[in-house]
Structure formats: C-alpha cells, structure tokens
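After this come two complexes, each holding subunit A, first together with subunit B and then together with subunit C.
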Partner chain A sequence: MIADLIQNTLDGLGIGAAYALLALGFTLIFGVLRRANLSYGAAIMFGCYAATWAHVNFGAGLLLLALITVAGAVLAGAYVERLCFAPHRQGSAIAAMVASFAVWMQFEELATLVMPTHLYAFPALYEGAPLALGPYTLRIDALAMLGAAFAACVLLWWTLYRTRFGLAVRAVVEQPDAAALAGINVPWVFVRVFALASAIGGVAGYLVVASHGQITPMLGMWSTLKGLLAMMLGGLGSLPGAVVGGLALGLLEAHSQWFLGPQLRDLIAYLLLFVLLAARVPWMNTRSAS
Partner chain B sequence: MSLLQIQDVVTAYGKIEALKGASLEVAQGSITCLLGPNGAGKTTLMMTVAGILKPRKGSILFAGEDIAGRAPHDIVTRGVALVPENRLVFPGMTVLENLQAGAYQRNDGKAVAGDLEKMFTRFPRLKERAAQQAGTLSGGEQQMLAVARALMSRPKLLLMDEPSLGLAPLVVEEIFRIIAELHKDGVSIFFVEQNAHMALKVAQHFYLIEQGRISFSGTPGALAEDEVIRRAYLGSAQQ
Partner chain C sequence: MDEYTIGVLTNIGLFSFVALSAYLLLIAGELSFGQQAFFGVGAYAGGMLTALYGWPLPLAAAAAMALGALAQFLVGLPTLRLRGLYFAMATLAAAEMARILFELFHWRRVINGELAGPDGTQGFRGIRWVFEHGIEPIEYLAMVYGLLAVVLAGFLFVERSRLGATLRSVGQDPELAASVGIDIQRVKLGVAAAAGALAALGGVLYAHHNTYIEPRNFDIMLGVHSLAYALIGGLGTAFGPLLGVVLDIGALEGSRVFHGYRMVAFGGLVAVLLVFRPRGLLDERMVRWLRTRFT
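Showing the complex of A and B:
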C-alpha cells in the first residue's frame, strides 16, 4: 500500500510536470491578456504535427524534432494572436474566445488533411529501462519533464524580472494605457507573450508525444483541457499556482487511476475542480479581472 | 513657431463625439494650459494627441509632422509624453522600474542612467523610495513619479492631464513649481487643469474648451480672466 503510494507519486510528478508546463503557458496568456485562448493546445498540436511530418518524410532526429515542434507552436501561437486576439483588444472577451475556438478547428482540419492517418508513431525520447530508486522506478522521460518544468520556471522568472521585455510585460499587465504612454509597443508585447507561451507549451507537447511514442489530432484538445484544468486548480493567473496546479493534477490522476481505475481518473479531477470552485477556496481568484 | 498644431479634431466614443472639431496651437518653449468644465473633452483631447484615442477627423501636427492616429509608442518616440489623469503609475513595480519603463524606447543606456540620476536629484523622495513598490507611495509622490517617468523619454513636449487632481494644496504648489522648472529647462508644456487659478499663474497662454470645441483663448492677466475662470468651473451652459 505505502509502496504503491510512493510509486504513484513518482509517476504523478512526472506527468504533473508536463501539466505544469502546459498551465504555465496558458497562465502567461491569461495573465497578460485576461483572455482564455482555446487555441492554445491546437497551436501545440500544430507544432507536434509539423515535427511528425518532418519525421515521416525526412526522418528528422530527436533534437531537430524538438526544435520543429517549438518553432511550429510559436508560429501557430503568433498566428492565433494576430487573427483572434489583436482585433478584439478593446472589444469582447467572448468574441476573442470564440474566434480562438474556430482556429482550433482550423488547425485540426489542417492536421487531418495533411496527415490523414489518425495515429502516427513519434520517436520515443528514451527507450531504455527506467531509473531504479531502490524498489521504485522513475521513467527517464518523467525526469526530463520535471527538469524541463524546473528550467521553464527559472527562465520565465528571469525573463519577467530581469529583462527589458519582462519589464514591458509587467507594465502592460499593470496599466496597459500607461505602458503605451511610456513608449511600450503594446501589440508587439502581446505577440511576443503568445510566442513565449506557445514555446513553453511546445516543449510540453513534445515531451508528452515523445513519451507516449505516438500522436493523434486529439493532442490539441488534451493539451487545452489539461492546461486549463491545472491553471484553474492553481488559481487563475498565478504562475507559481500554475506549477502547483499542474503537479497536483498529475498526482491526483496517478493516485485515482491506481485506486479507482482509468475510467474514474478524469472524472475525479473535474469533480475536485467543481468542489473547489463551489467552496470558493481563497487561492482561486473568483473575483473578476480588473 | 508652433510645436503642436491641432486642427478640427473630432474624437468620438461610439456615436458620441467628445471632440467636435477642436483646434489649438502650442508654441515652442511655452507653457500652455487647457481649461474647461467636466466633460468638456479635456482628457479626450490629451488622449487623442498621445495616440491612445484615434481621431475620426482632423490633423495633429507635431514639429510639422502629422501624428494623428499614430500608435502611442511611436508618438512617444517622436518626443511627446503624457502624464495621464490619475497618474497611472505601475503599482506593483518599484519606483526604479517605473522610471526604467519610461525610458523603454530609448537605446542609449548611458544617457538613460544619467537621466535617472537627474530625476533622483530633482525628486529626492523618489530616490529614497527607489526600491519601493509605486503603489505604496502617497498621491503626491505618485504624481512626481508619473512626471519623472514621462521625462525619462526626453520629451520635447510634455502633456499633463490634471496634475493637481486629488492632491493637498502644498503638494499642488510643488507640482506647479516643478512645471515652471521644467519649462526653464526648455521643455514645452501643455497641460489640462481644473484648478484654473493655479493654472493661470504659470501658463503663458490658455485655451478654454466647452462641449468639445475651443470657445476662447488668450493670455492670463487680460480683462476676460474672471469670466474664463467662471466658465472653466461651471461651463457657459449653466449661466
């Protein structure tokens, strides 16, 4: 029993790190624009499909695939910003959200048109034996996810608090009009935030796909749902919260899968979100965006 | 020579025109003020010049070039900086970071560092509080910070929207002292003010705006001053 708990925890932290990455990107966009980008996962899927395409046609290797995934996600993210969010800056949040939903469908259609088979193999990150920690095991790709999540946190903190771009982002978040009056090119900051968020998401997408060894068009919905869920569990709009939310979601899934079975696994996560929202726990910002 | 020339500018919120063809000029090296009752279009005019609002019609010439409808960051780069109404400092950022944000479009790092020192000399309170979050400053200190932030872009023309709003009389006096000092240093200043008495003491030229149009302009000290002050507070409609 204790042994199971420990092993589940190790597994949960691995996938939780991927969720944390997804939630970080999601939260970055939400925190800066106060808009939910439903195309977030679709942009990640686009990057992963671009890599798969390169692998199927040219046999591109692991590192190149990672680069293509991130570059594809960044391009797709910037495209979503220009198409869905830039025209609705002052306007309705719903309009931007619905537009991003439409673009999600666009990306899925494109993926199935260019790559008509439902499922493609994706080269595994690591095929050897998992790392043995006494009686327990830790998968190498889980370790990579944890490492990537940690690196992303450090890099993101450094970007936001130690660079000129970070200064601009924080200024735009605090007072968009004053930021523009200070000489900051606000629309360009938004594009770069989308690109950065999509890059983080792209890293997560790559690690997940490489860990599963396969890809389907469902990856877009999966990434959006997991990212959204982790972001909400951690309290909307908080970057540290996104990390905690992601790890918590991973742990919750690992344990509930073991004790209750895979059918109940997803249900439990949504149930928890529902309970937390209904109970209005203090760390979840139920106040409206200001 | 006029540094800023606004001609027949119309700015609207949806169907409601807040500026209905306003025209005025700010001379190079002058202190010009814009007076008017609430809702006359003073803030709309400032926001239109700064590029936050886009005019429907008309032209805004700055140093001979039309800047109407350009992006705010572009207008800042050309040398126009606005200290917005209610100051709008970045509350969660430190005083130093607020000032750095003001110099965002500049690439001359050394000169920026020099300007930072100048701001700290001119506003010693800001130096004391450089590492403090701007949101923890008093209203007067925030106003100083907003002015210093705008100056960090090295503007040729400084726009100020209600610099004395909500401040204690002593602080208001200090703000006006700073306006006079900046003017001495060669910055042209165009400001909006509710406090007509104070404004007419420092301004060399004034405009009165009523219901979206310039209704009067002149030089302080002229005969019509009492009438202007009365209309600045009350508006001519309420005679």
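Showing the complex of A and C:
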C-alpha cells in the first residue's frame, strides 16, 4: 500500500514535469498576451512530426531529433503569432482564440497528410532497465523529464529576472502602454515570448513522445488540454503556479489511475478543475478581470 | 436530389442548432467550449427514449430539450459569474466530464430479442425511429429545416425585441446593464438554459439521422467548431452561425475542391478572415448596412 503510494508519486512527478513545461509555455503566452493559444499543442505536434519525418527518412539521431522538434515548434509558434495574435493585439480575444483553433486544424491535417499512418515509432530516450531504488523503480526518462523541467524553470527565471529581454517582458505584462512609451518594441517582445514558449513546449513534446516511444495525431489535442488544465489548476498567469499545477496534475493522475482506472483518472482531473473554478478559490484570481 | 446531397444538407441543418447555441451565449458575452456536452445529452436522451422506451420522436425531442436546458442551467449556476477564459474552461471541464460519463454509461435493455442501448465506448447503435416510421431522408431533411426555421424566427423576433437589446447590453457592457437595473445573473441563466435546449435539439436530430452515436462524437472538436461557426459567419445576426456552418460543411464538403487539403485551406482562410472581420462576415455593421439597403 505505502509502496504503491510512493511508486505512484515517483511516476506522477515524471509526467507532472512534462505537464509543468506545457503549462509554463501556456502561461508565458497568456501572461503577456492575455489570450489563450489553442494551437499551442498543435505547434508542438508540428515540431514532433517534423522530427519523426526526419527520423523515418534520414534516421536522424536523438540529439538532432530534439533540435528539430524544438526548431519546428518555434517555427510553427511564430506562424501562429503572426497570423492569429499579432493582428488581434488590441482587438478581440475571442477572434484570436478562434483563429488559433483554425490553425490547429491546419497543423493536424498537415501532419496526417505528410505522415499518413496513424502511429509512428519514435526513438526512445533510454532503452535500458529502469533505475532500482530498493523496492521502487524509477524510469530514466521520467528522471530526464524532471531534470529538464527543473532546468527550464531555472533558465526561464534567469531570462525573466536577469536579462534585459526579461525586464522588457515584465514591463509589457504590467504596463504595455508605458512599456511602449519607454521605447520597448512591444510587438517584437510578443514574437520572442511566443518563440520562447514554443521552445519550452517543443522540449516537453520531445520528452513525452520519446518516453512513449510513439507519436499519433492525438498529440496536439493532448498537449493543449493538459497544458490548459495544469495552467488553470495552478492559477492562471502565474509561472510558479504553472509548475505547481503541472506537478499536482501529474500526481493526481498517477494516484487516481492506480486506484480507479484511466477513465476515472481523467474525470477526476476535470472535476477538480470544475469545482475549484466554481468555488472561486483565491489563487486562481477568478475575481479579477481577465 | 441524390442521397449524398441530402446527407450534406441534413448535416448542415443539424450542426446549425449547436452553432446557434454557441452564438446565443456569445451574444450574452459568454464563451463556451462545452456546447458539445448538451448536444450529447440530447442525442443520448432522445435516442434512448425512442429506441428503448418506444416514445414518439417529437415527445422524446421535447424531453431531451428540457434535459439539455436543465443540464446547462445547472452547469451555469455556479460558473456564470466567472469571466472570459475561466468560464470557457469551466464549460470545457463540464463537457469533458460528460464525455467520460458517456464512456462509462451502460444502459442495455432487450428490444425485439436483442440487447440495445448505450454501451460505453462501444457506442449506442440502432436509433431507428425515423427508419421504422417510414420517413424518407428527404422528409427528415424537411423536418430538420422546418425546426430550424422555427428557431430562426424565434431568434429574429427576440433580436428585434426589448429582450434582444437586453441580451446585447449584458454581453457588451455588463456594468452598464447592471446599472440600469438588469439582473445579469438571471439573464445569463435564462440564456444558458435556452442554449442547452437548442444544442440538445440538434443532438436528438443528429442521433436519429445517424442511427449511431458514440462518446467520441461529443469531444471538444465539436464545441470549438460551433464557436468557430458563430464567429466566422458573424455575430450580428442569427443567420451568421448558419453561414458559418454552410461555409464549412457545405462549400468544402460539397464541392470537394480541396481534396485532402480541406482543413489546411479552410483553417488558413478562417484565420485570415478574422484578421479583417474579427466579429465575422455578418457582423453588426454589415447587418445594419444590409438593413438600410433592403428595408
């Protein structure tokens, strides 16, 4: 019993780290633009499919695949920013969201056109046996996800609080008009934030796909839903909240899957979000305008 | 008309109901990612009442609409005070819960010596009331459009009335609406119930057109499509969402000009369209212009 709990906790932290990365990317975009980017997961999927394509056709290796995934996600993210968000910066949030949904459909169809089979194998991050810690096992790819999530958080913190770019981002978040008056090129900050968020998403996508060892067109919707869920659970718009939300979602899923099965696992995550929103818990800032 | 055309036209009619339900909420200022749930509630409830309990379709449709209205009213009760993305995410959470509950829902009865009824992820087949009552596809098409015409007439009547002005004021400036004595929560709950009933009606008709439904039919794709239909077609008039559905299903499915690239072309077109017309083709200004032109 206790052993199960500990093992589930270890597993949950691994996948939770990936959720945390997805939520971080979502939060960056939401924090800066106050808009939800529905094609976030689709852009990640675009990167992962680009890598799969390179693997199938040229047998590209692990490191190269990771680079292609991130580059593909950044490229797709830039396209989304230019087409769906830049034109609506002062205008309708709903129009931007629906436009990003339309682009999601584009990416999804493109993926199935270029790679027509439903499922492709993706080279695994680590082939060997899991690490044994007494009675417990620790998957190496879960460790890698935790490590990558931790590194991404540190890097992000450093970027936002220790660089000129970070200062500009924070200024744009707090006072967009004043930031523009102070000489900050606000549209350029948006593009770069989008690229940064997409790169983080690309890392998350790569880790998830490599740890599953396969890729399907469901990846886009999966990443978007998990990222949104983790972002909302942690309080919309807070970076530490996104990390906590992601890890909490991973832990919740691992435990509920073990005790109740996969269908109830998803049900419980959505139920928790619904109840927290309805109860208007303070950390979600539901009382402030958005 | 050949079978295929009738099928496409029927689908346009069916999805217009759920697009109109998303439109109604948008007019009142609420963004819902969850209309698919009430479409699903209608499909399951209506299908069960005719296929398992021998109800006539009109009665089953009325009951399903009542259930859809109640369901969205109950979801709206704790969530309609939330704003923007918070409300959208709450509706998404509710809809995904509904989809998973459909997956867990088994209600099998022996009908004519065979087990029938919802069977979890295996779906719910044999919703044959239309077929058993000798209704031809073209007659069913006429039924769907007859109902759609009634609903549209209702929309047009409401939009020209005081109630329509109330709805738009709640949607566009809730503070102002509240200051002139409008009870925003009450208006929004009414809108939610009406939207739930509309989506459920679409669901009943969908179930009886397809004769087979499964939980996957009611995932987030349907919900966001409904929203997109309303926004592409335009938020100025109830004809807007209809135009959106026609553009997507009709023009592209019907002509098949884009072959495999349907969504690549359509998705790009929608994103570009929204740059120039962020409230859709038939937005408020366009509607006003058309009205001065033709009346």
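Note that in this section the second predicted complex is superposed on the first by the 287 of 290 C-alpha atoms of A that agree within 3 Å, B and C clash if a C-alpha of one lies under 4 Å from a C-alpha of the other, contacts with A are read in each partner's own complex, and residues count from 1 in each chain.
Note that a residue touches a chain if its C-beta (ideal position, glycine included) is under 8 Å from a C-beta of that chain, and two chains touch if they have at least 3 such contacts.
Here the structure is a predicted model, which means the values were calculated and not measured.
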*Quick one: on subunit A, after the overlay, do subunit B and subunit C clash, or do they fit? Just give me the call.*
fit
*When both complexes are superposed, which of subunit B and subunit C contacts more residues belonging to subunit A?*
C
*Give me the angle at the C-alpha centre of subunit A between the C-alpha centres of subunit B and subunit C, rounded to the nearest 10 degrees.*
90
*After lining up the shared chain so the two structures overlap, which partner does A:167 touch, if you call subunit B first and subunit C second: first, second, both or neither?*
first
*Please indicate which partner A:185 is in contact with in the superposed arrangement: first for subunit B, second for subunit C, both, or neither.*
first
*Scan A:38 for contacts with subunit B and subunit C and give back first, second, both or neither.*
second
*Which holds for A:131: it touches subunit B only (first), subunit C only (second), both, or neither?*
neither
*asked:* Which partner chains sit in contact with A:175 here, subunit B, subunit C, both or neither? Use first/second/both/neither.
replied: first
_First (subunit B), second (subunit C), both or neither touched by A:119_ = neither
*Which partner does A:101 contact after superposing on A: first (subunit B), second (subunit C), both, neither?*
second
*Shortest span in Å between Cα atoms of subunit B and of subunit C, once chain A is used as the common reference*: 12
*Share the list of subunit A residues that count as touching for subunit B in one structure and for subunit C in the other.*
none
_Touching residues of subunit B toward subunit A in the complex: what are they?_
50-52, 71-73, 76-77, 81-82, 84, 88-93, 97, 100-106, 149-150, 153
_subunit A contact footprint on subunit C (complex, rising order)_ = 26, 31, 78-79, 81-86, 88-90, 92-94, 96-97, 100-101, 103-104, 220-221, 224, 227-228, 231-232, 260-264, 266-268, 270-272, 274-275, 278-279
*Which positions of subunit A touch subunit C when the two form their complex?*
30, 36, 38, 83-84, 87-88, 91-106, 108-110, 113, 221, 225, 228, 232, 236, 263-264, 266-267, 270-271, 273-274, 277-278, 280, 284, 286, 289-290
_Under the definition above, what is the set of subunit A residues touching subunit B in their complex?_
164, 167-168, 170-171, 174-175, 177-187
